[in-house]
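Below: one structure, written as structure tokens.
Chain nomenclature is as follows: A, B, C and D, assigned in order of appearance, with residue numbering initiated at 1 for each chain independently.
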Amino acid sequence: MNYLPVEQVINPAAGTVSLAILIFLSLSGYYYMKLAEKGRTFPVRKIRAFEAIEEAVARSVEMGRPVHYTIGYGSIRTAHAPQYTAGLGVLTHVARLAGKYGARLIVTHGVPEAIASIDEIVRDGYFSEGRPELYNPVDNARYLTDVQFAYASSAQAVIIRENAGANIVIGPFWAESLILAEAGTMVGAFQIGGTARDVQIPFFVLVCDYAFIGEEIFAAGAMASGDIPTLASIRGQDVGKLLSIILIVLGLILLPLGVKLATYLMW
Amino acid sequence: MSVVWRRTIPQLLVAIILVVMTALYFLYIDKTTKATLNYWDGLLINYSIVIAAMAAIVGGVDLARYHVSLIMKREREQIPFSLITIILEVVCVIFAFYALATGVPILTQPQFSWIYLNLQVPTSSAMYSILVFYVASAAYRTFRARNPPALLLLIVGVIVMLGNTSLGFAIWPGFTPLKDWIMTVPNAAGYRPIVIGVGLGTIILGLRLILRKEVTWMGRRD
Amino acid sequence: MGISLKRLDTIIGTRQLLYTLLIIFTLIPMFFPLRLPISISARTKKVYSYIDNLKPGSYIFIDFDYDPAGRGEIEPQAVATMKHLFDKNCKLVIASLGTTGPVMFEIMRKTNPDIFAGKEYGKDWVNIGYVAGGESAAAGLARSISGTVAADAYGNPIGNLPLIKEADKAEQFALAIVYTTGTDTLYYFVRQWFTPYKVPLIMGILGVMGPAAEPFVAAGQAVELLVGQVAGAEYEVLVGRPGIGLGAMDAQSTSHAIILIFIILGNIMFWSVRLRGEKR
Amino acid sequence: MIEAIQIWLSAALVIWIWSFVYKDNYLYRLAQHIFLGAAAGYSIGISLDSLNKTALVPLAKSPTTNMHLIIPIIIGLLFFFKYSRRYYWVARYGVGIALAVGTALAFRTAPMANIIRQVNAVLLPLWTPDPVKTLNNWIHVVITLSALVYFIFTVTPRVVEGRPTITYRVYDAVLRIGIYGMMVAFGATLANTIMTRLAFFISMNIQYLQPYPLESLSAIILVAIAILFAMRRARAG
């Protein structure tokens, strides 16, 4: 039997090393999830923005003001899908808290594919906490439109007119990030923001009370699930960071020796 | 049985598409096989485009439904505004259908493009330029030396602002190169780990979807 | 005193005050320019010297297709470079691959009549108007202008224009300038004008497009870029004709100054309130 | 006549949208709802167009070979089941496929785009003849490595009661460098954004308002009345 050489099996444009990294990280994530299923627990650093969500919901209830949540606008079929998914993950947490404290939750968004999911998540939050009477499908989840600034103009109007007590924005955001955050500031809402779109992170970090920086939104999604094996998968992310640090240090050591790690990584 | 249809099959579908699309991307074998794989990959993406287009139509229905419900609630203040939204939406859709029926490219359909150019473009640009106010007040509140990190933030912010204008150049010509240094060295370095982390988060999230552990997108837990 | 300090703090902290001053200080320099000195970037200097070294009377192709939202950033570049080209007696063939281009060109011509003064239509410059088809239109124009369009933007048959008889193919042009708000258009010209015919390209683009267009210069496909309002202002200084670009730079300076003053006042107020509070 | 309305409407819509930063008022609300309706219609129109291009035209051209394009159309129609009490879950199929395709697009390119390319960008020579360049490269590497440490979630040195251990001190110092590095990046981005937003704002003035002073002035007067009205109502209510 003839074996094909590796470079003919793996797309050279995609990269063999990329595939190796992908498989390695998936396996390590899987390994830690299995360990967790067997009963191992891992300490997880607290993410302050995540802890603050409960306070945000509770405070709005005290003030008699609604909680505003948004995951942004756009289509979930693009490469930003993971961020929408993370946004949905945190929404489950917020919806359950809204049910627990009896808060009025208003979710605005512009993701047409996710309408069904968002409706259901909000419903589930109220029903699972035994407050079905608070659920109003039309009021709680509002699809605006998937046109960027039409979504933004309506979302900022909702925040101000409904006088949101808490404003939680998690998802991929573009220029509208600051519009949403400043609208929250205008009504003095308790603000929690998070995005993995790097150029928009500053606006949330600097304007909001608490912010998820980059990958923290993915970790928050895992935390929201409350499932221990799911939480353990975060350790896979850490393995990836250790790998990156090792690669950087190794590459820097090899560089004066005349070995360019960069070219090997591009294989 | 119904749990299988309700939960297991959608989850499996997601897992399979994820694995298959990853395989289609990395596999090569030879040129003809690669072409076939690319075709399948394109096919899946095309499917998602059609599904997304259908979803946008559902979204339009949902928006109209929301505004109809506001009208039904008889909130006197809101009724005229909701009417405007619904009417404009319906008018656009009618002209869109008209364009499709006559085979005219949609943005050259005169009425559709009139609404686009005269109602949507100015409001959209105005919404974008409203950011100038927000970024100004955000800067005013942020650049305040409350503690050491905030002092650093203030210094960096002021240098960048001065480096960007002829005002800064008039005060001291060195502001521009200093700003360029900030933007290329510490600024670039500060974002790099964030980008790495986002990639790792994406990979692990994909893994969770494949292992059917990430199920929040399904909504209800049954 | 303490109360008045707090009140002062709230007055300064009122966002409406900041916004109003911001609007006023953005508008003032547009009507009364301050003419603050600006530094000229190496990039703009390179474009200037490239155009300055062209043989007088060269044929230049111009793609004029920015959209309305890009007017403030690109029009200053277009006006200044076109003035420079006309001063050097270059002959301009203007076309638009985007639908909004011809409209923007007419607005530009109406608001800057001086640069067209003394220039004869048909001999010194020609406006072909909108050419549909995107990349294939770019390819067609490169092959033969008279073979691609039948009439110019004003309805004159293309055969009646002396300039088109002299310069009809991409090879006959010394330079092509692309003023656009669409990154795709840049690719059209690189693929259809630079790669096959080696026509040098200069790209006038929005500030946000800078990073996306950088590789063209690095790969030698474009001579240089004019990026954003700043480039327009710098070019206005170089050709000695202050316009919207420089006005906008002044507006940038005054409004940045307002924001800086507010930041300084905010810090002073914050610390005086805090120090006073600690004394008690 | 139509052109006059067009110009006035454009100028007015711009000013009404801007008025929101002062106070929410009826004219902003009007502009917002016009925008919402036009955008919703536009989005449906564009979707119909892409549906037509990707599915209906190929189906009409050669029905037998493109029969399979019926599948996504049907899956898309399943979204409407979200209104059903009993069969709400049918809509999940469409959500799932769209989500899976999107995640796959990010998942399969993440190692290259987010890890390898970023790692490669940091592999800078740490000893160069040019001292400035050397310093820049050191800053780059140190900030990148220490900010990476900030993002590590599950491996943190234990905090023992009393005096912190040396490991903890080192960790804390590295963390601080990372946080300060990111803060510099954030501050620079915020300050740098002011310029681009102002450029656009100035463009808007040049485009919509300055050429039409009468139209702009009348829209401003209207909006001023609307804001005063809104303020009176707010005080009364």
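Here is the rule we use: a residue touches a chain if its C-beta (ideal position, glycine included) is under 8 Å from a C-beta of that chain, and two chains touch if they have at least 3 such contacts.
Since this is a predicted model, take the numbers as computed values, not measurements.
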item	value
Partner chains that chain A and chain B have in common	D
B-C compared against B-D, more contacting pairs	B-D
Inter-centroid spacing, chain C versus chain B (mean Cα positions, whole Å)	28
Cα-centroid distance, chain B relative to chain D, in whole angstrom	5
Rounded Å distance, chain A centre to chain D centre (Cα mean)	14
Averaged-CA centre spacing for the pair chain D and chain C, given as whole angstrom	26
Interface hub residues of chain D, defined as touching at least two other chains	17, 20-21, 29, 31-32, 35-36, 38-40, 42-43, 79, 82, 88, 92, 94-95, 98-99, 101-103, 105-111, 115, 118-119, 122, 141, 144, 148, 151, 182, 185-187, 189-190, 194-195, 198, 200-201, 203-204, 207
Multi-partner residues of chain B (at least 2 other chains)	22, 25-26, 48-49, 51-52, 55-56, 58-60, 63, 120, 123-125, 127-128, 130-139, 141-143, 153-154, 157-158, 161, 164-165, 191, 194-200, 202-203, 205-206, 209, 217-220
Where chain C touches two or more other chains at once, by residue number	15, 19, 68-69, 252, 255-256, 259
Chain contact graph, described as a line, ring, star, complete graph or other shape	other
Which chain pairs touch, all of them	A-B, A-D, B-C, B-D, C-D
Contacting residues of chain A [partner chain D, same complex]	14-15, 17-19, 21-22, 25, 42-45, 47, 75-82, 84-85, 113-117, 119-120, 144-147, 149-151, 153-154, 156-157, 160-161, 199, 201-203, 205-206, 213-216, 219, 234-235, 237-238, 240-245, 247-249, 251-252, 255-256, 260-262, 265-266
Residues of chain D touching chain B in the complex	6, 9-11, 13-15, 17-18, 20-21, 29-52, 54-55, 68-69, 71-73, 75-77, 79-80, 82, 88-89, 92-111, 113-115, 118-119, 121-122, 136, 139-141, 143-144, 147-148, 150-151, 178-195, 197-198, 200-201, 203-204, 207-208
Residue ranges of chain B in contact with chain C within the complex	121, 125, 128, 132-133, 136-137, 139-141, 143-146, 154, 157-158, 161-162, 164-170, 173, 176
In the complex with chain D, residue positions of chain C that touch it	15-16, 19, 26-27, 30, 68-73, 75, 207-208, 228-229, 244, 248, 251-252, 255-256, 259
Chain D partner contacts - residues on chain B that touch it in the complex	5-7, 10-11, 13-15, 17-18, 21-22, 25-26, 43-61, 63-64, 81-82, 84-93, 95-97, 99-100, 105-106, 112, 115-116, 118-120, 122-136, 138-139, 142-143, 149, 152-154, 156-161, 164-165, 181-183, 185-200, 202-203, 205-206, 209, 217-220
